[in-house]
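The two complexes that follow have subunit A in common; it is paired with subunit B in the first and with subunit C in the second.
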Partner chain A sequence: MADKDPKSVSAALAAATCSLLGSLPAAPVQAEEEPNWDFNTALLYYGEDNDRVQDLSLNILARRDYLDDRFLTLGLTIDTLTGATPNGAIRQNVPQTFTRPSGSSAYTVPAGELPLDDTFKDTRAAITVGWEQPLGRLWKTGIGFSGSREYDYTHLGLSGSLSRDFNKRNTTVSAGLAVAHDIWDPVGGAPLPFAPMLDVGDTGNKTGSDTKNIVDAVVGITQVVSRRLLVQLNYSLSNASGYLTDPYKFLSLVDGATGDTIPRVPAPGAEGPSHEFRFENRPDERTKHSLYGQAKYYMSGKVLDASYRYMTDDWDIDSHTVDLRLRWPLGEYSYIEPHLRFYTQSEAGFYTISLVDGVELPAHASADYRLGNFDAITAGLKYGWKTSSGSEMSLRAEIYQQNGTIPGELLIGNQVGRETYPDLDAIIVQLSYHFSR
Partner chain B sequence: MNRIRIATAGFTVLVALASGCSSMGVEPWERDILAREEMQLTADPVEAAIDDHIYFSKEASSGGRGFGGGGCGCN
Partner chain C sequence: MGIPDSARAVSVEAGQDCLVGRFAAMASPCEILIESGDRELATHLTRTAADEAWRIEDKFSRYIPDNIVGQINTANGRPIEVDDETASLLDFAATLYDLSDGRFDITSGVLREVWTFDGGDRIPDPEAVDNVVQRVGWRRLSWRRPVLALQPGMQIDLGGIGKEYAVDRVAGMLSEAIACSVVVNFGGDLAVTRQPRQRSVWRVGIEALSATGGRAGTVLEISTGALATSGDSRRFLRKGGVRYSHILDPRSGWPVEGAPRSVTVAADTCTQAGMLSTLAMLEGHAAEAFLDGEGVIYWCRR
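Up next, the complex of A and B:
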């Protein structure tokens, strides 16, 4: 530097000054980064014991980051479902024959076994599109569309959300609204309320398709408590109206003294139900309230994710859900995450296991085990690791168990000791791959 | 009426929490840990969606974290 020509130094200074004043970079340095895509993908296997429902599912969620807090999200899910599911009828000491939902054939369940309908087979495709962007400095908004299609069901939904940051962005208050219009087009038609199951080929008990509308509203607050603790509290209100019945589920019509299902004889030459069955009928409106709290706590590298939800509805169902995950790093590139979930629900007011012959029918009734009184537990472990290319992979394996009880006052005669809640054991295996482009 | 009362109570709780929360929090330069991916409320959105869908199909409750989910005639 010492022996440099002073002229060249001043020329360089002049050039530098000119470039600073005259030709400032046209855009922030940040803009030189390309907007990037982030992909979360997962392959899921869900399988229930005793040849009940099996689901193989492919999930892709792509998120484009426009580097200015605007995001586009695109989701795709393909589910292939097979297996058998409880049809609602109770066990009998003799074989039972049922007409399939299509009305074109029948199936028989051996004596003493829980009646399962093995017709269940479906492919479901679902898409989501979402857009998020800031509105000024402290507000953020999002809109979304969802749609799904299966053989007998179509869903269309729209959602919107708005949030505002307070208190140096340590507090966020948010509100969201979602509306959905779903269409049931059941195989063989939607049964009329409490219609009897008829012989194969007789569709006099069914009509065409039906619809339901759902409105969900959520308000919430997210609070940074400290450098290591983040909490969220949400209240949500959900109202569903329209056809809320499951068109494939029915109830056994039983003798009021013995509790056994009333036998039935198909028409001469016809194939049909061996006993009297009545299709279920649920109220055409349901309002649910939920309170949800979640905390994320960082403990020297480990992250505890704990949540609790209380739900109550006007079908008299109350439920409590506790979900706990602990992400535990194993060195710099991998982690394990144990997961425990506890769930308990009370039965719907119109849940029952059978209808009594000769007695006036209730306004609503369903024997769907999912509306019954049960507890469920999920226990699992996830292992995640970073690949040499910087992507992330994870594998999780979980078991899900439902254990229910049928309230004693619902059991009649021989049903005592014979009828038990259709407990469920399922496994969940999921392989995830997360990468950016 | 009951619905309105519950909604009003919920909103009051949120406002009370929001005003009580103003003394909590961190400075902008103290967000290193909170910015980590695993500290996000929904750290794995696909897994969260899968779980919501499974439990929606098998239990009588849904939603809470977000909207009620659904969109299937799940058996």
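Up next, the complex of A and C:
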């Protein structure tokens, strides 16, 4: 056969098959090996109102299928952060001047305005590598590595997981452990606890870099209750130790009677803070416990996904999260998915508005609004569709609203009525594209 | 020896986004995958498929004594006039014989008298092989449609064509009967009646290595056309460090050297796919070169 013209056998065979069967199918063969790579890409914009934080993030997750339930995942995230964020100081009826974290210049906030640090500008690159595979018929295991790098922060993490199926694969019990080592190398150095903010060029209040270690453990059970209902329950324990303070946040040092910040005069000829500010200091350990429950309910093409999380930690923060999504098909090739999320948290035990002059400093204190008492709601809509090439696209738009209250007993003198929680409105827009190769 | 009626049952169960009809025919598990949720329809289609598969099995299996193949093989030199369908299969066999320079030969079945591929080391006596080969060869018989005459001692076996032919026959019938996509899968040789609507492809696992160095258990996506696999890595003999494949060259009576363990071919019909994979096996070392030259889609495992 090798000495015949190429394709001669195929052509003669096609003719012979046609006479044998009476006809040949109209459509020619279309067969290929299943694509091995799955790509999930997303471009996300997060923007807070009033020129606060803006984040643009590109996310690429590639998953290689090695058959027999063995997968390699590679993830890459690049995001850029710009904008201003509350620095922790309270409002004053006079302009306030602050030394920038770098210690090389100063900025001034007008009278009556919430002091924002507008020096935020960062680019972060993060990678993840994961491998999962079965161990025998019922066990499955996974390992992962994560790393990220930004100007002042480095993260390195390792994780492992193990799960086993029971009950004809209707029940899966899983456990996971993750450890991380993070390095803070703040601009201008990490401030010493409660160190005063100094004049531009004076770095006597800063030291070098610092680190923290995080250990996360999770155990969970997933149960297929019926053909329509899937439930999952997780308990997780997280312990962080080391430098947990935000090196860019500080508190105003105030007069115990008026509540006004103590004025300060920079050294002759120097630029520097107009008032007394003290860098914050958080405990060097935090232990969180979380309980998470999720139910997915399938009803004739629609999927309701409801979850609840309770978190409590030894910083006295308790939080509750309720998340609801309903995936609603629109014909065969598209769907919409409304999303609602409610969040509420109590403030940390050491959360305060200001430090009082002449009074012994507390062991820990922070005025970071993220450690305060607040509620948040997210409401959004996602629209997803299949392209003619079989890829999937989706567009998600959401609004986020965060409203907090400052406990009355934390407000002193003039702070009452002047100081309010820095509420936040943000929008989130995400474009996702999923394809296989 | 006939097939007991109790073995001739069909069942239908739910699969992934389809209904799966099952039955056994031609010593293979048979599946009909139907892109529909209508169980009554699925049962009807499965029954139609099974009836046709059993009809072809009853008519052409060499294990059933009184069928047309049995009559031909026991005619002891007498000419036999055959029906149209049998005649078409014999014409097809004649074409394959010519196309393969005598490597594909439906009279080679008698070589089983001396060769038993059970993984052991019983290599037959060369003299015994030479004796049997005297009774092998399409050119030794007389075929003038519709009359076939074998020499005494010769036999024909349509097993190398029958299953693929049955898949195509059933696929043709189901394609006419129903507008939704159906996969007809007889023990791994399969055909798709038309492009599936919802999923756009059917996923099929094959036990073959890809030409580009893939792994066992490759998953293929097929939307139209057919697949067939030749070869069976469990059927071989081994002696003196030599592995004898069960693919016999009917011209010598000895195993083809360097035959791949299996070859899967994708083609417009299951019959074409099956013949191309068989011809590739018969090429031995040159299997891939042959398939490349023919420009077909294939996965070869060595």
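Keep this in mind: the second predicted complex is superposed on the first by the 402 of 437 C-alpha atoms of A that agree within 3 Å, B and C clash if a C-alpha of one lies under 4 Å from a C-alpha of the other, contacts with A are read in each partner's own complex, and residues count from 1 in each chain.
FYI, a contact is a pair of C-beta atoms (placed from the backbone, for glycine too) under 8 Å apart; a residue touches a chain by one contact, two chains touch by 3 or more.
Please read all numbers here as calculations on a predicted model, not as lab measurements.
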Fill in: Partner chain in contact with A:A270 - subunit B first, subunit C second, else both or neither
neither
Discussion item. Just checking: does A:R309 make contact with subunit B only, subunit C only, both, or neither of them? Give me first, second, both or neither.
Written reply: first
Practice prompt. Give one of first, second, both or neither to describe whether A:A180 is in contact with subunit B, with subunit C, with both, or with none.
Written response: first
Fill in: Which superposed partner A:E332 touches (first subunit B, second subunit C, both, neither)
second
Discussion item. According to the stated criteria, A:L76 is in contact with first (subunit B), second (subunit C), both, or neither; which is it?
Written reply: neither
Practice prompt. Look at A:E34 in the shared chain and tell me whether it touches subunit B only, subunit C only, both, or neither; answer first, second, both or neither.
Written response: second
Fill in: Residue contacts on subunit A - larger count, subunit B or subunit C
B
Practice prompt. Could you list which residues of subunit A make contact with subunit B in one structure and with subunit C in the other?
Written response: none
Discussion item. Applying the document's contact rule, which stretches of subunit C touch subunit A when the two form their complex?
Written reply: 88-89, 91-92, 95-96, 99-101, 103, 165, 168-169, 171-172, 175, 191, 194-195, 198, 200, 203, 210, 214-215, 217-227, 266-269, 271-273, 275-276, 279, 283, 286, 289-290, 293-297, 299
Worksheet, complete the sentence: Residue set of subunit B touching subunit A in the complex reads 3, 6-7, 10-11, 13-14, 17-18, 21-22, 24-28, 30-34, 36, 38-41, 43-47, 49-50, 53-55, 58-68, 70-73, 75
Worksheet item: Along subunit A, where are the residues that touch subunit C in the complex?
Response: 1-2, 6-7, 9-10, 12-14, 16-17, 19-25, 27-35, 66-68, 332, 390
Worksheet item: Across the complex, what residues on subunit A touch subunit B?
Response: 40-42, 44, 46, 53, 57, 59, 61, 75, 77, 81, 85, 120, 124, 126, 146-148, 150, 152-153, 155, 157, 159, 166-171, 173, 176, 178, 180, 182, 184, 186, 214, 216, 218-228, 230, 232-238, 246, 248, 287-292, 294, 296, 298, 303, 305, 307, 309, 311, 313, 315, 317, 319, 321, 327, 343, 345, 348, 370-371, 376, 394, 396, 400, 402, 424, 426, 428, 430, 432
